[in-house]
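Both complexes shown next keep chain A, but they swap its partner, so chain B is in the first and chain C is in the second.
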Partner chain A sequence: MHSISSRGFLSYLGHWQKLTLGLFALVLLCWFVADTEVIALEPWAELSRMFNGFMHPDFAATEYLLDALWQTISFALLGIGLGLLLGVPLALVYQHSWVAAMCAFIRAIHEIFWALIFLQIFGLSPLTGILAIGLPYAATFARVFADILQQAPVHTIFCLPHGTSKLSALLYGRWMHVYPQIVAYIRYRFECALRSSAVLGFIGMPTLGFYLESAFRQGHYQQGGALLILFIALIGTIRFWAKPIMLWVYLPLAVYFLPPLPLFQEQLVWRFISVDILPPMLQGLPLSAWFNAGVFMSVWEWGDQLVRNQVIPGIIATLVLACCALGLTHMLTLILLPLNTRLLMPNWVTILMRAVNLILRSLPEYLLAFVFMLLLGPSMLPAIIALALHNSGLMVFLMARQSDEVTVPLTYRPRIGDYCYTVLPTIYPYFMALLFYRFEVIIRETAILGMLGVMTLGFYVDSNFAEIRFSGALLLLLFTAGLNVLVDYLTRKLIQIPRNRLQAC
Partner chain B sequence: MKLTGFILAGVLSLFSTVAISETFTFTAIPDEDESQLRTRFNKVAVYLSEQLDVEVKYVPVKSYSAAVTAFRNNQVQLAWFGGLSGVQARRLVPGSEAIAQGFEDQFFKSYIIAHHSTELVASDRFPVLNDYTFTFGSKDSTSGRLMPQYFIENNLGKPVEETFKRIGFSGDHSRTISQVEAGVYQVGAVNYKVWDTAVEKGEVDTTKVSVIWQSPTYPDYQWTVHSGVDTVYGAGFKDKLTHALLNMKDRNLLDSFPRESFVPASNSDYEPIERVAKAIGMLD
Partner chain C sequence: MGKTTLLHHLYQQLAKQSCLCSQAQGLVDNLSIFHNVFMGSLARHSSWYNIANLLSPFSKPQQQVGAICQQLELNMPLQQKVSELSGGQRQRVALARALFQQQPIFMGDEPFSALDPVMGVRLLNIVKQAHPNVICVLHDAELALTHFDRIIVISAGKVALDAQAQQLSLEHLSQHYVVADE
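Now for the complex of A and B:
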């Protein structure tokens, strides 16, 4: 009887309601497991120092400031350039499942970790930064372009005259249909690349992040405040200075003004693949000596220890943190979205909210997390809130475009009821698809918070790099990437809708 | 297509603009103030190049592990390392040598600091720290992580994970101070110089946070030079370099580190650090 009545209840629910309820259940479960203890504190001294810093930003405190600004743009441009160069051809062969899997794998590793790997091979070279942005971006471009191309109408191809070359057919028959979408996406990605470029400063690239991180870490809030204001202004004014035509000026300049490249040393690459990535007991051991029981046992034990002490606790913490952040992002976005919709709000509110969104999505998560940590103590809570705020800022930014384009009936009035019955259901599928895509991104972003001390996979990867244990770091990265590929696969299964117009960061 | 071609040309030209140099390069991360790094250390570069008759360049890095990597890749031939990072670097580059250390680094120490709510008071005896929350500095710091962890484990007889309720890594000494001051963590470990400077400048509210224990002394920061500099920059280069470092008298330069002066050092001075790092499992 019971099962019948519950089936009866479920049959009232549509696909998206079920999915949403399922999500809430999962989030509640994770919230229950998560460490969300609030510790009573005395944060006011530090917070007032921080507030004072923002009130009196000191733009002169940073040396080589213009240089840092320009390098931030330059790394982003060259990274996007490399990303397009590799991503466009990959998009054409994305239907092969091994290409898709490879791209998912590359995407799954955070830019910071790519940079830490390339640092071993190229050292402190601009190449490290450009590759660290270019490679994962290429993988993202490949997927998104492939998705967009799938939506392109095919009829033009059949109208082309006989004997049209394959390349022309592809260009005129397929790409031109989706050209505006592709350009819009590249422009959006450029904003992401600027953020990535700044973040690479955290590990030593000469971008804004280099100074931003030091300033906040050491409590120089006047300098930090100034840098943050500059960074937000840089992102907020993209559409004024990054006109497509200007690329022809910026790109050569970016190449020309790169910091000098150190001599490329092949032996570093060789050392990396022949020594660094091997477990410690195999380093320096001739290949012939690998295959005996004693060596095998010690490698097994090494791997077992790592998996038991770092991988498994890391994966659990990562997933719990990411799920809680996902649930909070869902709620925050649904609350903030109406305030950003022209269909509901007067113009001045949406303009004001646009500024709020800009700040939310430009503030580095780790900075938000640090502020909340002062307020709430060192549990997972600050990280959850930071991730949710940052991601809902981005979600609202992307969703507001969708909701403004909804065609409403003539009877529509800008009231919350009308919004909930007309606008929200139309955009909800996109909303959920984007949210699940963000899940993948949130998991990747927990990496940075790992550096703040939340014991996610990123925390252990960072520890291994700090202890110069590259083989351990790489093993952990393999698991991180594997986890992301799995999550990507599962969330794609859950949202079986066309993924056009979806934008990703 | 044109765009792609253009980008291709741009990226390819990247690989051709290779700078070849015989410049002598060094890096340094000071343990206190990390602002204006390039401006400050470029002055040191100027001093060294006057003394050594070669072009000397300073490369800023962000972390000790990045400094170790740069040293290992021979992108820097000289580095101002912390105790632990110096040991790591010299293990990775056979033949490299510690040639000078700061005057203060002969007897460096760490403080354990506590929030007033813990009601822990300063004492010569090692405090009972069970079930408090605790923060180290950065993961690869000698005075903020390695030595404190060793002293705690040695005195309390069990791994730190079993002593504390929660362990954090603040990432920086000044952050450790501000977090313990705010009560985010109840207890923390900090570089004694950073603490003393912060108290002197009035940046710490000592009614909220105070030193409850100070560690025995140990060797810390040192200049480590790459093997084979004599063959690249001429015979006797290492001696000249050592001499130049030990004779750095200009306060303006010394304040960048910040150190009183530099005194001779050798690899064997840092054996205790290596032993400790192995004991707590940070080195294999």
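Now for the complex of A and C:
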């Protein structure tokens, strides 16, 4: 309740507007700190060759094309399958805080890093790819399913006959209430899994990403173009080829056509968990010799050095990069969303824009960043733009569904003013919630860009893995996960406030 | 005020031998009429049977559910989704689910409120035939007086009247109903 006298600018600001202004202030600050220098590189020759490659994609040049496509789908399918197998039971016990914490931790580590860890244990085995997708996806499923289940009405359970088994009650009384949302979410996640599966190619799994990276690195843009076009088409046509019924056909096929599992080497696993992951000064030292002051001091020194030289700079760079990308995502989404809204634009514009969105969200950030790096030189800018483009493509895709469902008064006309006063305020809370959720995702995605040389936490993790310093990599991963859990917690706090109170937008 | 709370409390005390047809109905919109009514028999089957039945309905329960629906004048196909039904039809599906529990005590929270009065009486008779004991929250004073043995009037969360139906007249009862309706 404001008194009439306080008619200042601030008194008209609702919760979401204040939040937005705060976000802008933060982004502006980060933008000053960030390294966004443009170094002109005369990239036009390279870019024109790239453009030419896309104009004349060479679908025939590579006999491995179909194979790569199939491997990409098969890893995604098996990863989702494993994710569901683990995630559904976890969703049922998600109310225990230790389960939630464990899931947050698993989720916080990017698929690429999981793959790098499993790579040490299983080598380039399909198991590495499936586990790298399945594990973090299980943790995500657990959280999202638990959230969805919470929205299911409770009175059905109350009416069920006495003596109904817990499983039956849960299934009939709760799951069936939210069944459509769950199926829709699995479908969306499958699209994400296809992307993750392709990205795993960058570290050597036999999926599209592997061939994409080698084509781009070697300048074979006609092959690269063909691969990218196929990948975008694959994602764009999911709803035609991935019907739930068809899964019963695809899954056995995916298992059957899995590349052969290499022999499981016990001593490799044992070596990894007993020697490799220990700090260097403890390796080879018997357990009894660990507990003396000298050893303790040297471990402390090691950790301290790592935190000073890698963790802290890495965290700062990651946060600065993620904040800039978040701000740009916010702006791009607000600009693109009206163009995707049926309530504002004629049909042909929205259809055209949906194709643009599809391309934006299908292109792996890694590749986008790679192209922008050719264009703008090595700084944070290519990574920021790549993250923002990719994420705003996804945001617009998800938000357009919301904005099409807004009920407008009869007096509504398809003008930008009407849009800003009726449609936008209705969907804005959801928009902000989604944006803050994406922030967590963006931080995780900076991991991949680290592999391109942007000095984020991902960069340090990757270089530790490359130099076979697993102990350092794992310590960095612990901090990465901790940062993600913290950000997740804080952003959830930020968007939870208005649920209890009636608030202006 | 307090009628639903009292009924739910009673139900929790007698859950082993009673079925509840609550005002909130608790139907599952994404399921068919058959599956919603079948939920009344969940306790009689194993979890595996229930899960399998969710994927592909067995014929025996289909016949049983079909018979109950016929009785309750639900003449649409059993595989129709509950979300497509009218208010009165939904109420009868909830009623069918309670009947399918086959318990000796029936508890209903205004189970006939969305039906026309004549049909309400017909269905009440079916309910009474199937259950030795029937406890109902009703707003219809006449229905209560002509079909039940004992009447408790609750007003503002307190028992205002507790008597045998034979000792009461409609005028007597309607005084309380005016108060209770507020």
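What we mean here is this: the second predicted complex is superposed on the first by the 484 of 505 C-alpha atoms of A that agree within 3 Å, B and C clash if a C-alpha of one lies under 4 Å from a C-alpha of the other, contacts with A are read in each partner's own complex, and residues count from 1 in each chain.
One rule holds in what follows: contacts are C-beta pairs under 8 Å (C-beta built on N, C-alpha and C of every residue); 3 or more make two chains touch, one makes a residue touch a chain.
Computed from a prediction, not measured in an experiment: that's the story for all the values here.
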item: Combined model on chain A where chain B meets chain C, clash or fit; value: fit
item: First (chain B), second (chain C), both or neither touched by A:P180; value: second
item: Partner chain(s) touched by A:T156 [first = chain B, second = chain C, both, neither]; value: second
item: Chain B, chain C and vertex chain A (Cα centres) - angle in steps of 10°; value: 150
item: First (chain B), second (chain C), both or neither touched by A:A169; value: second
item: Partner chain in contact with A:P252 - chain B first, chain C second, else both or neither; value: first
item: Touched partner set for A:D304, first chain B, second chain C, both or neither; value: neither
item: Which superposed partner A:L452 touches (first chain B, second chain C, both, neither); value: first
item: Nearest Cα pair across chain B and chain C, whole Å; value: 6
item: Set of chain A residues, in rising order, touched by both chain B and chain C; value: 171
item: Touch list for chain A against partner chain B, complex; value: 39-43, 45-46, 61, 63-64, 78, 81-82, 84-85, 88, 119-120, 123-124, 126-127, 130, 171, 201-204, 206, 210, 213-215, 217-220, 223, 247-248, 251-252, 254-255, 258, 260-265, 268, 280, 373-374, 377-378, 451-453, 462-463, 465-469
item: Residues on chain C engaged by chain A in the complex (per definition of touch); value: 8, 15-16, 19-22, 24-31, 35, 39-47, 50-51, 54, 94, 97-98, 101, 103
item: Chain C contact footprint on chain A (complex, rising order); value: 153, 155-165, 167-169, 171-173, 176-177, 179-180
item: In the complex, chain B residues that touch chain A; value: 1, 3-4, 6-8, 10-11, 13-15, 17-20, 33-39, 59-66, 68-70, 73-75, 88, 92, 133, 135, 138-140, 166, 168-172, 174-175, 178-179, 181-185, 203, 205, 208, 282-284
